[in-house]
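Below is one structure; the comments refer to it alone.
Letters A, B, C and D name the chains as they come in the text, with residue numbers starting at 1 for each one.
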Amino acid sequence: MEKDVQVLEDVTIRFAGDSGDGMQLTGTQFTNVSAMMGNDLATLPDFPAEIRAPAGTLYGVSGFQVHIGSTKIYTPGDRFDVLVAMNPAALKVNLKELGPNGIIIVNEDQFNEKNLKYAGYEVSPLEDDTLVKYRVFKVKITYLTGLALEDMKLPAKTVDRSKNFFALGLVFWLFSRDMEPTIDWIKDKFKKNAELVEANIRSLKAGFNYGVITEAFQAKYEISSAKLPKGKYRNITGNTAMAIGLVTAAQKAGLELFLGSYPITPASDILHDLSKLKNFGVKSFQAEDEIAAVASAIGASFAGSLGITTTSGPGVSLKGEAIGYAVMTELPLVIVNIQRGGPSTGLPTKTEQSDLNQAIYGRHGEAPLPVIAACTPSDCFDAAFEACRIAVKYMTPVILLSDGYLANGSEPWKIPSPEAIPDLHVEFLAEKNGKQPYSRNEVDARPWIKPGTPNLEHRIGGIEKANNSGNISYDPENHHNMVFLRKSKVENISKDIQPAEVYGDLTGDLLVVGWGSTYGAIRKSVEAARSEGKKVSHLHIRHLYPMPENVATVLRSFKKVLVPEMNTGQLAGILRSNYLVDTIQQNKVHGQPFKAAEISSKIEEVLRG
Amino acid sequence: MSEVATKNEPVKLTAKDFASDQDVRWCPGCGDYAILAAVQRTLPELGIPREKFVFISGIGCSSRFPYYMNTYGMHTIHGRATAFASGVKAANPDLSVWIVTGDGDGLSIGGNHFIHIIRRNFDVNIIMFNNEIYGLTKGQYSPTSEVGKVTKSSPFGSIDTPFKPTSVALGAEGGFVAVSIDRDTKHLQEMIRRSHAHKGTSFLEVYQNCVIFNDGAFSALTEKESKPDNVLYLEHGKPLVFGSENQKGIVLDGFTPKVVSLNSGNYSVNDLMVHDEKLKDPTWATILSRMNRNPEFPHPIGVYRDVPRPTYESGLVNQLEAAKAKKGEGNLEKLFNEGDVWENN
Amino acid sequence: MSEVATKNEPVKLTAKDFASDQDVRWCPGCGDYAILAAVQRTLPELGIPREKFVFISGIGCSSRFPYYMNTYGMHTIHGRATAFASGVKAANPDLSVWIVTGDGDGLSIGGNHFIHIIRRNFDVNIIMFNNEIYGLTKGQYSPTSEVGKVTKSSPFGSIDTPFKPTSVALGAEGGFVAVSIDRDTKHLQEMIRRSHAHKGTSFLEVYQNCVIFNDGAFSALTEKESKPDNVLYLEHGKPLVFGSENQKGIVLDGFTPKVVSLNSGNYSVNDLMVHDEKLKDPTWATILSRMNRNPEFPHPIGVYRDVPRPTYESGLVNQLEAAKAKKGEGNLEKLFNEGDVWENN
Amino acid sequence: MEKDVQVLEDVTIRFAGDSGDGMQLTGTQFTNVSAMMGNDLATLPDFPAEIRAPAGTLYGVSGFQVHIGSTKIYTPGDRFDVLVAMNPAALKVNLKELGPNGIIIVNEDQFNEKNLKYAGYEVSPLEDDTLVKYRVFKVKITYLTGLALEDMKLPAKTVDRSKNFFALGLVFWLFSRDMEPTIDWIKDKFKKNAELVEANIRSLKAGFNYGVITEAFQAKYEISSAKLPKGKYRNITGNTAMAIGLVTAAQKAGLELFLGSYPITPASDILHDLSKLKNFGVKSFQAEDEIAAVASAIGASFAGSLGITTTSGPGVSLKGEAIGYAVMTELPLVIVNIQRGGPSTGLPTKTEQSDLNQAIYGRHGEAPLPVIAACTPSDCFDAAFEACRIAVKYMTPVILLSDGYLANGSEPWKIPSPEAIPDLHVEFLAEKNGKQPYSRNEVDARPWIKPGTPNLEHRIGGIEKANNSGNISYDPENHHNMVFLRKSKVENISKDIQPAEVYGDLTGDLLVVGWGSTYGAIRKSVEAARSEGKKVSHLHIRHLYPMPENVATVLRSFKKVLVPEMNTGQLAGILRSNYLVDTIQQNKVHGQPFKAAEISSKIEEVLRG
């Protein structure tokens, strides 16, 4: 049977099921195939806090959302157009974000009494009018997968674990995806188990063919490839990009990378990724806690490595004292904070931007250090590189902020050529030449002296030091001067960084200012507003401390300033303090990224009022 | 570390070469001076170029130590010296890393890093100055202060059972555990030498007199009259004999040590426990570490245990080398292009 | 705690009374379920009113425990449960305080508070769920994971020597140290009872299976075929016998335990070590704690040591009472007017 | 011989000598006697970082400054009028702060070659013209003390240790002080050693008589008693006042006080003081570190005690994570931070105000909590009481800031009547009555439920909680609401606090805004400016977060706003952010309190230009 083919500019799909249903894997495969077919895209995995919650429960639902398109994609999509729900709980949890007239594909087999009860449905939503506004496709996925594998005589568990490939196959068909990359992937992934390879490929094809054959679907869709800049691409998550960025910086600086880390959601994957890169000379050290993690990284920096420590908010709260020590000893160090919902343990698997104040102010004493934030998954690569650049050039700890959304979300990364990446010149002091441990160069950085170098023996420590000599000094004047020297050294970095990115005109009615992962949602909403002729621009601040010099001027060139943040207004507070500029806040602390539409309506509201 | 020496020019340094230009600022009479002198005197013998030494400390009177050593040094933050040292040693296994800590720094706030560095077995040397008090903060009880001790923070006497630092180290898989006394210079130097010689984390507890806040805490072990009855010098392969005329010894009754008189005619030297540092099981060392719980017993001084096992940094370096051998030196081009890559034209 | 019961109405509770209204959210098949059930079944026997129980945990899968107990509870922050518990118990010694922790929570980030609460000897009960892995963060090696273990953070195998939790506890002056297994319900309940009965900090390590990230870590101890050769049940006053037909035993050669066959004719039950929990010296318990280092040896399960000493809170309360007796109940008027006071008119 | 008696309005004296010379004791005795004679006063001890540095060294000099007067005394004195220097090092270190025509009393015996060398004097300053501008009295204090004690045949060490009493006696004579209280004190202090009592009293009297007899001194001085409000007084340091304030609050709340603390300079004395108060039911717990200290205090609060933790900056950096937990679990807790020079180990024995940002912002996530600062030594009592009041009323952790200067400095404290101090009503929930663990009362506080209460069993934790039930909740809306609820609960405290104190008119040319221990210096300089007719007022902010409602209006009623701080401008930054008001900063980070004169000249500068 021939079906209609409709061409879409973009589509957002959410795969949802039990933690054990393999939804992350299914979503990732769909993503990778779409990427390879040239779509731009953004993804949003959404894990439950439980490792493997009991099947069928609401809190055990695991989701993976992917937004693909033939134009630039900024966000994983405000709502989704297609919901694949492997059980009633997945339907229940996700239905409210399905867009008007959206497509629902359900595994009908799972809509039994027990599961309906778990999901809190008294009557099956497939039977009443819950879903009348949507296009519902009830598919007996479990049953059909079973049929497809019948002659293989596999254990029931194995059959059950293949059903996500059936679902994936069906969605592949629906959106005219190429199955080959996934088939290759299955072959590689399960290469030690020929039976599984066979079962999964069969299920995938069965799902695809179901789309071809059945009458249920009237139309299928196509999404043309996006006009991304020429080049090689791969789909990349923020955490992987971060790990690669850090290693790249170490290589370009000619340093060994030492990672001192302690596992914590959502930062652990950076530790995992870097642990694999031993052939890059990466020494990863799983410390006993976050204090030991940062302390060991500082020790490694003292010894001449690039010391890195990765964590999330609670870990940063523990590292404060040691970070202050790095400020005092003026050693390079990058502290990566993958922010999550706070305060305290908060919402560990959810995203938030609430650690900005802590990054800037969260240590005792005057302990200034540069703070940088990544804005998209692939930007984590660049932000990591930039953080390392500043750390080694200025002999300073740097805090690099990302968040749960960037960490696990993904997008196509235009793979750079390693040669095109600038070198980070690091020179260790090799001979005295009149220099002392706290001598200053043209940017007020002190020399980096590697233990093992003859005649440069010296001691550093957390007590105030005399400038130049670095000896302990209780002298009041010296203390005053050193406090201000450390501050001005960092503040002068503002001359050595890219101006903050302005999208749109340099003056206007409204400036929407953001930082970090709200980048995409803000950009999309500002783009939309501008396309309607509104005088709105977007200022994205990547360097939070010190800020680029252009921020002051840009802020003052707009009638109003709107600051959307996933916190209660931390950047807004800082802008007010720095620039005495009034701000309008838009704050959402839901553990979820902003939807572009939310910002769009705020823009309208502000412009109206 | 001995390879280091052979790799380099032979060095002929003296104690003076290890004294920095900073004024030593401990209280006059503090036991720390003696320990500093012992270290400065011992290091030149180790045949390591001066620039390869790194002294790392936390916070406390004792932790001022690195400032007085003309080597590389880090005076870090309270309790974390062992954690900083782990990074230093991992980053550059070629350095000779020495950790100086106090009973408060190392066992109170720093207890966790202490037990973890020991189990991981970095090849570093820990010297803990145990004065059974917080010196720098002016006299509060520490985790090694005895029950009932009256201090500023325990005006009615401490109610905390103290740690035996050596027991803690042994419970944490300590491969080298030794004890010495500030006043016993020669012994102390020998223990420093032995600490260095051990591959892996060495833990040396030094009883140290704080003249200001806990004066005389160890006088029973240092004063001429009382010392013979209270100090038991351990020597590998030698029976446990002590007393002014070597008239006393230690035998074992089941697991329980007993003090016996060699004059009574009931026991001869041949009945005594013979010290063995090399026992694989730490049981004997554990018995030693708890011996002085009872006032009748002497304090065992010397090396309780010296049993090497692979060091952390060697494991780390092996993995790096194996990875390089297997996958080749890391290549960014390859790393960037891992996984599914496509071309947009 | 037993006084508590007599002071109050006799309580007749059941396991169900201790189940909270929250859904239990561990992975299906997780060993944590069995431990929860064992605790819920044992508490009603202790004769303590439900409102006097407080369960305190850190962070980890295991640390979700308090939510499932219909008692007072604190799910605290990673590694600090023991420190929170110290405050709870000091503030109100009348409460029955239970600490639930994991091998990561209790021995990695929480190692310091762990050793300090043990030495101070608060009368609290620590249950450590040892699954030799970080569960909640999805599978990194822990301080009890074996060398060579491949996990997400040790793709080439761990190079950390693991702790023996019981050794650490003993090195820190542990007065009550015991081991049990999630699957061995009866034994586990008995150990919970014993933990409670001990006045002072009790440490109970429970081998717990993480079905997702470390499945089968203890299968040798739980599977029918292998269990008899691998588990040695300790009973006070009984010789150390194990094996499917009780055909094996443990003798001691110096300090070193040896497995012997009772069938060979060379050894009889009378030659075997007899377990004694009550030995003042922890030496025997230490030997037990290290026995399973060698694959030929069984894992000793049961109470290694049960030797009381005064609790911290009793010392504290005594000091308060003594001070009140001596100076009278605190009087603000007096306090304000201490020292040199003068009048301005 | 009769001498002139001149009446002074105020005088500042600095006693300086080796750490072993007993200068703290000497200064304290002079202070107490002056206090009992009715003077107002303020003191400034100045310890070396070393416990007992070698005799004669510059860094071993220990000083104690006391400013007494017959009018209100706000500061320990910008400069001193009299310097008692027990050795050359003490002279060298202190000379630069001796006022014009100041009096120097030196122990001539100590001006030997060795000591001169230690002090870096090539020629004795008693011999050249170093001291020409001053009135120098060379006294052979060691020798004369020896003479006075000769027949007692004491060991040389004991004689040497008595010489500070000789110096004290001499100063007593010079300022017409009464020796009796000190004699009584000696009798009591050394009651176990009759010989020492005798030696010290003899020395004291010998010093006094030396003044009477010798021709050296032409004049002696008198300082009339100050017109302090009627009442009973004692001289009190900030740390002692803090300890008493905390116990008072606990008593007035009917709670046991639990202190979880770890020693750290300059906070340890609070631990020491509270450890003595066991008959008040105070349970003090010296924890293994700061994390255990705060955690145990939170545990104690959960169990129904008033949980307190005391520390200094580095300790607060370690407590951040646990403080966030107290925010989430909404338990009362007071965190006392005696600020010292930072960052890192910094200048541990010196004073600074650089932990304000940390107090407000220094935790991950949105973790708002009230921040209060004490402003004088005796005010530490009131501030401690206020912090406890807020903690138990609002079920919230509170950060209470003091600093090294307040901690060790002293002033007369008007002793309140315990009955006049209000009760802090604390009610534990005893029965359900429809309440849940996270129910809210009229000020949005949740109920405090003591474990041991039947039928109220409940669990708390650091994961986000559903309002009312307090159960774990991952619900996005709930999280958002709870984040804002916690914030508004704290911000509404602004309605329940005293307005910020304004000294002077409510409008004018210049408002000098301060917080914490700069209170005295600012007040003195503003008083001086006003007495010259300048339109300057002083706004003192005691509640830093939330701020009292009047701050906004007051700030906007002045042409200029000057913010002197012992940091790089932390309060200034907050005022700018909160009120969009431009600030002029005066920052001094010397480890020493401001001198009133410094602020006076800044006031002039600002008014001029």
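Convention: a contact is a pair of C-beta atoms (placed from the backbone, for glycine too) under 8 Å apart; a residue touches a chain by one contact, two chains touch by 3 or more.
Source: prediction; values computed, not measured.
Chain pair with the larger contact count among A-B and B-D is A-B, by C-beta pairs in contact. Centroids of subunit C and subunit D (each the mean of its C-alpha atoms) stand 44 Å apart.
In terms of their C-alpha centroids, the spacing between subunit B and subunit D amounts to 39 Å. Note: centroid distance subunit A to subunit D, computed from Cα atoms, is 46 Å. The multi-chain contact residues of subunit A, meaning those touching 2 or more other chains, are 59, 278, 288-289, 291, 314, 321, 325, 329, 344-345, 461-463.
Contact with two or more other chains is made by residues 59, 75, 77, 108-109, 111-112, 116, 143, 156, 160, 316, 319, 322-323 of subunit B.
If you sketch which chains touch which, every chain touches every other chain without exception.
Partner subunit A is touched in their complex by these residues of subunit B: 20, 22, 49-52, 54-56, 59, 66-67, 69-77, 80, 83-92, 94-95, 112-113, 116, 316, 319-320, 322-324, 326-330, 332-333, 335-345. Subunit A makes touch with subunit C in their complex at residues 50-55, 57, 59, 262-265, 268, 271-272, 275-276, 278, 284, 286, 288-290, 314, 344-345.
Put simply, subunit C touches subunit B in their complex at residues 108-112, 115-116, 119-121, 143, 156-157, 159-164, 167-173, 255-256, 279-284, 286-287, 290, 309-310, 312, 315-316, 319, 322-323.
Note for the complex: subunit A touches subunit B at residues 32, 35-38, 181, 185, 225, 228-235, 244, 247-248, 251, 256, 258, 260, 277-283, 285, 287-289, 291-292, 295-305, 307, 321-322, 325, 329, 415-418, 450-463, 471-472. Those residues of subunit C that touch subunit A in the complex are listed here as 23, 25-28, 59, 61, 75, 77-79, 108-109, 111, 134-138, 140-141, 143, 152-156, 160, 212.
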